[in-house]
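Next up: some structures, all given as structure tokens.
Below are two complexes that have chain A in common, paired first with chain B and then with chain C.
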Partner chain A sequence: MYLVSRRDGAGDEAGWFPYVLMAPALITLVVVALVPFLYTAYLSLHEMQYARVGNWAGFANYARLLTNARFWHSVGISAAFIAVAVPLEFGLGLLGALVLNQGVRCRSIIVPVLFVPSMMAPIVVAILWKIMLAGSWGLLSYNLLERFGILTGLSIFASPALALLALILIDVWQWTPFVMLALFAGLQSLPLMPYRAAAVDGATPLQTFRRLTLPLLAPLMAVIVLLRLIDAFKIFDTIFLLTAGGPGQATESLSLFTYKTVFDFWDLGTATATAVVIWVMFFLFSNAFYQVVKRKLRAF
Partner chain B sequence: MTTREMTGRVMLGLLMSLTATAPAAAWSYKEAAKPYAGQSITVLDEITPLQETMKTLVPDFVKETGIKVDYQLLNHFEVISKGQADMLSGRGAYDAVMVHSPQMGIVLQADVIRPIDDLLANKTLTNPELDLKDVIQPAWDSVAKFRGKTYGLLDWNYNVVYWARNDVLSHPDEKAAFKKRYNYDLAPAKTLQQMRDIAEFFTRKKGEKLGGETLESDFYGVVLEGIKGGTTFWTLWNAFIKNFGGDIFDRDGKPTIDRPENVAGVKLWAELWKFAPPGQAEYSLIDVPTVMGNGIAAQTLAWSDFVLGIDQPGKSKYAGKFVYAGSPANAKSPRTRSAETEPSIIVISKQSKRAEPTYLFLQWMVDKTTQKRFFETSKGAGVPIRESTWKQPELQQSRFAGLYEAMRDTLAHGRAKPKAPKIFEIMDVMSGIVQEIALGKKTAEQGLKEGQEKVMAICSKCTL
Partner chain C sequence: MPMSVRERAARRRQLLFTLLAAAGALAVVFPVLWMALMMFKPEAVMFARPPVWRFPPTLEHFDYVIEHGFVWNLLASLFVAVASTVLVVVVGTPAAYAFARFPIRRRDDLLLFVLATRMAPPVALVIPFYLIYARVGLLDTYVGLVVAYLSFNLSFYVWVLWSFCRELPVELEEAARADGYPRAHVLVRVVLPLLRPGIIATAVLCFIFAWNEFLYAFLLGGKTIETLPVAVPKLITSQGVKWGELSIVGIVALMPVLVVVFLLQRHIVRGLTMGAVKG
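And then the complex of A and B:
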């Protein structure tokens, strides 16, 4: 109402009111997000004596980080994790959502069950999958795979070739149902009129999906993909609990690298530089993602 | 000498002895704590069953002294992330924090912990019957003393013991077959070479016989901690490499990762993996006792405080069927005997403004009376920090008497880790490399050469 008045040029005295309404959220955001980030950036430009701020170091911490092979290795692990896990979660989630949307039987039972994996605490997920895939006694690895002569005499989490794939599988298991439910909710909320019109025009199911469903769902899809990308990039708990980054450094993600740099090595200079680099990477990525989605999918 | 003279001497002697004993008899925590009664101290310790038992005794100290103690117990990682961080940042939320020996390099270099020599010398504060000569060595000296200063009293004395299935090792059929194959008697391993033979001998497939019974699943000759991180490399270093006369630093603190003795130690350790469950590379120090408790392995090297949790009726169907010994020596070099131990102390933060009451509490924790009560309360389950504790009835008459003998043997040959500020970074690099050696991805020579290069990149003089 105030905004309407302002447009009419008759309510200038109330122009501050929307900002008052937004102020609590903005102040909270600044205090809990921006201030710590700025302080981290400040620390990253200083020599750190364990947890104490030393002299101005310029970009020395960044130079040390960017020439650290282990940092780039962990970037590669995180990228590989995202590149495989997120498309799989999205593809399977979309497929599942389309099936659910067809009015399958027992949907009222299936939907609540689908919530379970994404509601589980990471420690529970780790224990569950350790029971499933542990070498020499895992429910799946020993009783199924090994007994049928597949993957004999090795441990999945201890195999440099399989450990990362196993962690991706766990992520897919945990988050595909979430993607499925979110997309299913989106499908349920789509307007019926365009579909009726398409049916009258004789559109095939594939044409309807390509020309109607995908464009209408695009904004929701973009948000889901972005959320999953961010979440997959942050993967830490299950890796920490199941492989601790091993064998060797085969599953050391960027989050785990940062954790070790802080809490094992107490190299806060490198750790704060890593945090800033991650932030910049995310900022650039999110911006690029936003622009692409906005232009190509006309979302947002 | 006249009767009068004699009476006089006797009286004088009595007077002197009374004078001499009077201050000792008068000393009490209550009196010593009077100036600090009502003050509050915050102490952070690690949570294990040992500390949980200690926590039940803390109210006695509070009642006696009037010093309020917030004795916080957090898991291992939180003790480091909260406690060590608190000291390193100079925040000072904790008056005292438990540190494992590898952390000492960091906290000493950062100069955030307070020496306690002045407090130990303070006759008002220190119990004259504290009897520090009774504290187990070399554990205490190696962890708490540095450049002539003492930084704490020995609080916890974690150690790795040899742990085996007595029911299979003492089975007549197995003994006979072992003697025939290896030409010596089957018994708990005293040497690493015997451990290897036992591991090879008992590695069997499902359907084969073990102790006269048909196996329903594969059985393994040995299980060791193998996960990246944890204490995998600590144990390899101290229970294998050092037994071969090797070490990862020389006397000047320079890395010596690829020396031939180290290669020999790593080779034997990696050879044991052939007889271990395929999942060993994911086994943590918690998984190892679980595997032993499940009965799928013949022997291991494990932390003794975890053994106490498994060898219990209701926890494992093999409870009471285990046998223990000190960490094995190297048959070819018995003089270089070494074992993995982790002596730990609670240090007083330099930021603490209540060092004296904190010291009183830490002293009380290691006091003979408290230690006696600790083992009475725990019904003989614990890890001694005093020599006198070995003689306590709760230990001698305990069904864990054999385990205590094993602990004692191990503790005689274990030392704290060197005070190296970058030790966790070194361990992280090395635990990944040795895991790859054990999994056959690298030879011991290749891996340790790579380790030498990587550790040299971290520090060329690694110890303080």
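And then the complex of A and C:
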């Protein structure tokens, strides 16, 4: 019995070996993630004068945060950003994936090109679109905004009405191809048999899509929407580089608010409380992602 | 043999879909091409209205970029990205393997911890990093920046490489074990060679993430360590924005991405979906 159990399933009787393998990585992650988090939580419960830790404050910093109009404004901006960007990216991405799945030619060129925006540095995205939409001479700002009189004599990033929309469209430009390719990869890995059966039964393409593709692809769709929600919610770099949250507070997302509270206003009480709130939210997001990948997608 | 009507319709449909997909790819490429053109555009026609496509090309922007020491920024970027990637591979590979192969106590909790570390927004993490670094003197140091990059890259690496490890066949390891080799030996001689494609793909993605990173470099690298992304504001001068130079930096920053996209395309989907899609 003993010999048998040793040989099957490499996992049995491994003793301390796996823990030795994991220790360096887990200790590092504790140092670079858990310790900073606990430190932030500790600071958020104290009165802060700049970087000096004052008296125990209980939840005073949190109470101040929750009555801070600017905080709620930034939450609204983030919510608006997500509410427009993510459905657009998903809808267009799904259409694109269905198109790609129709035996498109030159795929070996088209697919890598579509990967470019999602791997691109935020700084490159910012430079690209600063150039495309620069003042009145940028390629797009001249040919679209100026010529049709939508916006004249002003950069779109300085326009209170249009700056957020511009940032959203840039995000759509950057992330729709990723959604498209991820869903395309999902479509490619679907089992063939149900489709053969559907074809034999004479199902129309629309019926096949609604009755087969959608339910089969649903778990993957949930994963991708969650990922996009998470990423769109924490977007910082592109906004910081293109508008810095302005004009006024027109594009001040939650990330920008957090940044400014620390590095512009040095209000560390509010900032650490915000960071903890964001952290808790992201932990819940991560947990949702984990559960969907594990139970619905059965990836592990 | 003449084509049947159905065949011709199928051909036409395929052509239509190819054109649609190509249009999407063009929407991606177009701004990049326009930026590439700006690298050679003389100041005289830079602000022409309507924007011009044809002009006598100039290399003056390249002179400026070289004279102002952007090569050093490039080297700083390369160094930080390579150092953090090497560290991640060394520390992360055994952990990813352990998660895949052995029954670990509280495995779900540990994995969730790794994932949550990856998902955490940098803007929340950079605050404690900044305060702690200011206190222990790690601000403006390479060590500080490389360690900070571990927070998102190590968790990413462990999580994604774990998905590669799950696909390894266990039989070879069992055979080596049955021959009496110790577990550490099996890991180095049997597992690592099999895992090499996964390690390379995941490590390259880590390199790109470090290469692209802006916020940590901006705040923790400060004045002394200017990676390429952080050097960009130098081009927004009191005399106005240096558009040609900005484009050069943009294109250089884009280079590794262009290489990776063509070499690794299958693995990018896996990486960006955190291993949820095999690609």
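Note that in this section the second predicted complex is superposed on the first by the 235 of 300 C-alpha atoms of A that agree within 3 Å, B and C clash if a C-alpha of one lies under 4 Å from a C-alpha of the other, contacts with A are read in each partner's own complex, and residues count from 1 in each chain.
The rule is short, and it goes like this: a contact is a pair of C-beta atoms (placed from the backbone, for glycine too) under 8 Å apart; a residue touches a chain by one contact, two chains touch by 3 or more.
Just so it is clear, the model here is predicted, and its values are computed rather than measured.
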First, second, both or neither for A:W129, with chain B first and chain C second: second
Partner chain in contact with A:F263 - chain B first, chain C second, else both or neither: both
Touching partner for A:A83 - first (chain B), second (chain C), both, neither: neither
Superposed model, chain A: greater residue contact from chain B or chain C: C
Chain B versus chain C as contact partner of A:I224, first or second or both or neither: second
Which superposed partner A:A158 touches (first chain B, second chain C, both, neither): first
Partner chain in contact with A:A244 - chain B first, chain C second, else both or neither: first
Touched partner set for A:W173, first chain B, second chain C, both or neither: second
Contacts of A:A51 with chain B and chain C, given as first, second, both or neither: both
Doubly contacted chain A residues - partners chain C and chain B: 51, 130, 134-138, 263
Chain A residues touching chain B - in the complex, by the definition given at the top: 49-52, 130, 134-138, 153-155, 157-160, 242-249, 260, 263-267
Residues of chain B that touch chain A when the two form their complex: 77, 80-81, 84-85, 88-90, 106, 110, 218, 220, 226-230, 277-282, 294, 296, 422, 424-425, 428, 431-433, 435-436, 439, 441
Chain C partner contacts - residues on chain A that touch it in the complex: 7-8, 10-12, 14, 17-19, 21-22, 24-26, 28-29, 32-37, 39-40, 43, 51, 96, 99-100, 102-107, 109-124, 127-132, 134-139, 142-143, 146, 173, 177-178, 180-182, 185-186, 189, 220, 223-224, 227, 230, 233-234, 236-237, 240-241, 255, 258-259, 262-263, 268, 271-272, 274-275, 278-279, 282-283, 285-287, 289-290, 293, 297, 299-300
Interface residues, chain C side, partner chain A - complex: 13-14, 17-18, 20-22, 24-25, 27-29, 31-32, 34-35, 38, 46-51, 91-92, 94-95, 97-99, 101-104, 108, 110-125, 127-132, 134, 147-148, 150-151, 154-155, 158, 162-163, 166, 170, 173-174, 177-178, 183-184, 187, 208, 211-215, 219, 228-229, 232, 241, 243, 246-247, 249-250, 253-254, 257-258, 260-262, 265, 268-269, 272-279
